[in-house]
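Chain nomenclature is as follows: A, B, C and D, assigned in order of appearance, with residue numbering initiated at 1 for each chain independently.
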Amino acid sequence: MNITLAQAEKAITAAQEKAKAIDTKMNIAVVDAGANLVAFARMDGAWLGSLDISIKKAKTARFFDMNTGLVGELSQPGGSLYNIEHSNGGLITFPGGIPITNSNGDIIGAIGVSGSSVDNDHAVAEAGAKAL
Amino acid sequence: MNITLAQAEKAITAAQEKAKAIDTKMNIAVVDAGANLVAFARMDGAWLGSLDISIKKAKTARFFDMNTGLVGELSQPGGSLYNIEHSNGGLITFPGGIPITNSNGDIIGAIGVSGSSVDNDHAVAEAGAKAL
Amino acid sequence: MNITLAQAEKAITAAQEKAKAIDTKMNIAVVDAGANLVAFARMDGAWLGSLDISIKKAKTARFFDMNTGLVGELSQPGGSLYNIEHSNGGLITFPGGIPITNSNGDIIGAIGVSGSSVDNDHAVAEAGAKAL
Amino acid sequence: MNITLAQAEKAITAAQEKAKAIDTKMNIAVVDAGANLVAFARMDGAWLGSLDISIKKAKTARFFDMNTGLVGELSQPGGSLYNIEHSNGGLITFPGGIPITNSNGDIIGAIGVSGSSVDNDHAVAEAGAKAL
């Protein structure tokens, strides 16, 4: 059960539309069930540093099958997962990464978005994830 | 004084039984006295991101000959080992890593477990460490 | 003078069409003038190991403003650039990476393709580069 | 279509039996279809440096869906894939890595073996791959 390129591109297109609707410029990455990149788009003028962050958000969401912001809540100083970000070649644990499921509820990949506030990043990722 | 493969596999089998008993899916790693991997098992459906974490927990436990959670208590902001996680290619310092000793009390390796709450991770690691 | 996302996607679409026409499954990456990823697509069933290779080909082509195969000719044992692949976090110096120029002849990015023989990789990259 | 832990352990057990039969000590790694580690065993006294090599062989076999030795034939100086080893965080391209298929012929993972001559490594990997 793996996301297809056509599905990944559909998610990226929907995410881009949302990004434009809220006047932001985003990096958008989609990984498959094995956490490997399937498709990516950097909108013109989007932050360069968000390229790597968007990919790491997508990977992090699939690595733990949850929204990246949830991981971040547990990794604060004193939290049970403090400094989990040092694993897996670097995680990003603030909002903007969301697992993608098929109609059976199976996780088939994840989307990661970076380029604006974390609220905007999450909203754009959600638009992408829900497009399938 | 080094853990054998047979001992490592015995620890992993015991850890898996505990994991099933508490209805979790774990990544389980055992390293030797040199902190090098001896045996590893990823239970079907376990979090992919926990693969690296379980190995890093086992290494961390042997690197400092103590439970990983103890290192984490000392590495909080303001603590004496703040940000020690940046060493050794990345440490994991929350619970789930435990040194393994032989009957003489010599440390012969360590076990690292990841895939659920840190309490569950620690309980499964303990079941593995105590099996020897 | 930088490639736009729309241009990168046009190049990837043209490359995909060529890939299908010659019955191959490709990883296709486009970087900008700064050698940073702009867009990427992994066709269903394409080799997983070609993901990283396609990106490294695109970067290598822009790093030195020439086809990757030309760098490879100079990096053979005894050649003037022997083992240049150790730089820049890893280069790929066999064919499949081509600079992309605008109508003035300025280099605005590069495309990298991997997933088949190097001849096929180069042919697909060329189809993408010429689409602009 | 992904290899299960039970299948991976069966492959490792068969590989170990072959390793003992030809009087060698091996590191044996099995990855899934996403090239992520599922199970690993280092036989007592096996070369420590072969730990990483066995894992990289398994990954390389899945990255390109072929025996690692075939990649190595193409990556010699002057060959079409010269220096491909610089990709994917490091490949190992001599024999000892073999894709694992299910009864339908689908590739569900790969096995990598290191610890002796490449002929022995390949023979042990083959015993593991054929056990399923």
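Definition applied: a contact is a pair of C-beta atoms (placed from the backbone, for glycine too) under 8 Å apart; a residue touches a chain by one contact, two chains touch by 3 or more.
What you see is a predicted model; the values in this text were computed from it and never measured.
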| item | value |
| --- | --- |
| Touching both chain A and chain C (chains) | D |
| Centroid distance [mean C-alpha coordinates] between chain B and chain A, Å | 29 |
| Geometric centre distance via CA averages, chain D-chain B, whole Å | 25 |
| Interchain centroid distance [CA atoms averaged], chain B/chain C, Å | 42 |
| Centre distance in Å when chain A and chain D are each reduced to the mean of their C-alpha atoms | 32 |
| Junction residues of chain D, two or more chains touched | 34-36 |
| Which pairs of chains touch, using the document's own definition | A-B, A-C, A-D, B-D, C-D |
| Residues of chain A defined as touching chain B within the complex | 34-35, 59-60, 62-65, 77-78, 80-84, 86-89, 91 |
| Residues of chain C touching chain D in the complex | 47-50, 52-53, 56, 72, 75-77, 83, 85-86, 90-94, 117-118 |
| Residues on chain B engaged by chain D in the complex (per definition of touch) | 4-5, 9, 34, 36-44, 48, 51 |
| Contact footprint of chain D on chain A as seen in their complex | 32-36 |
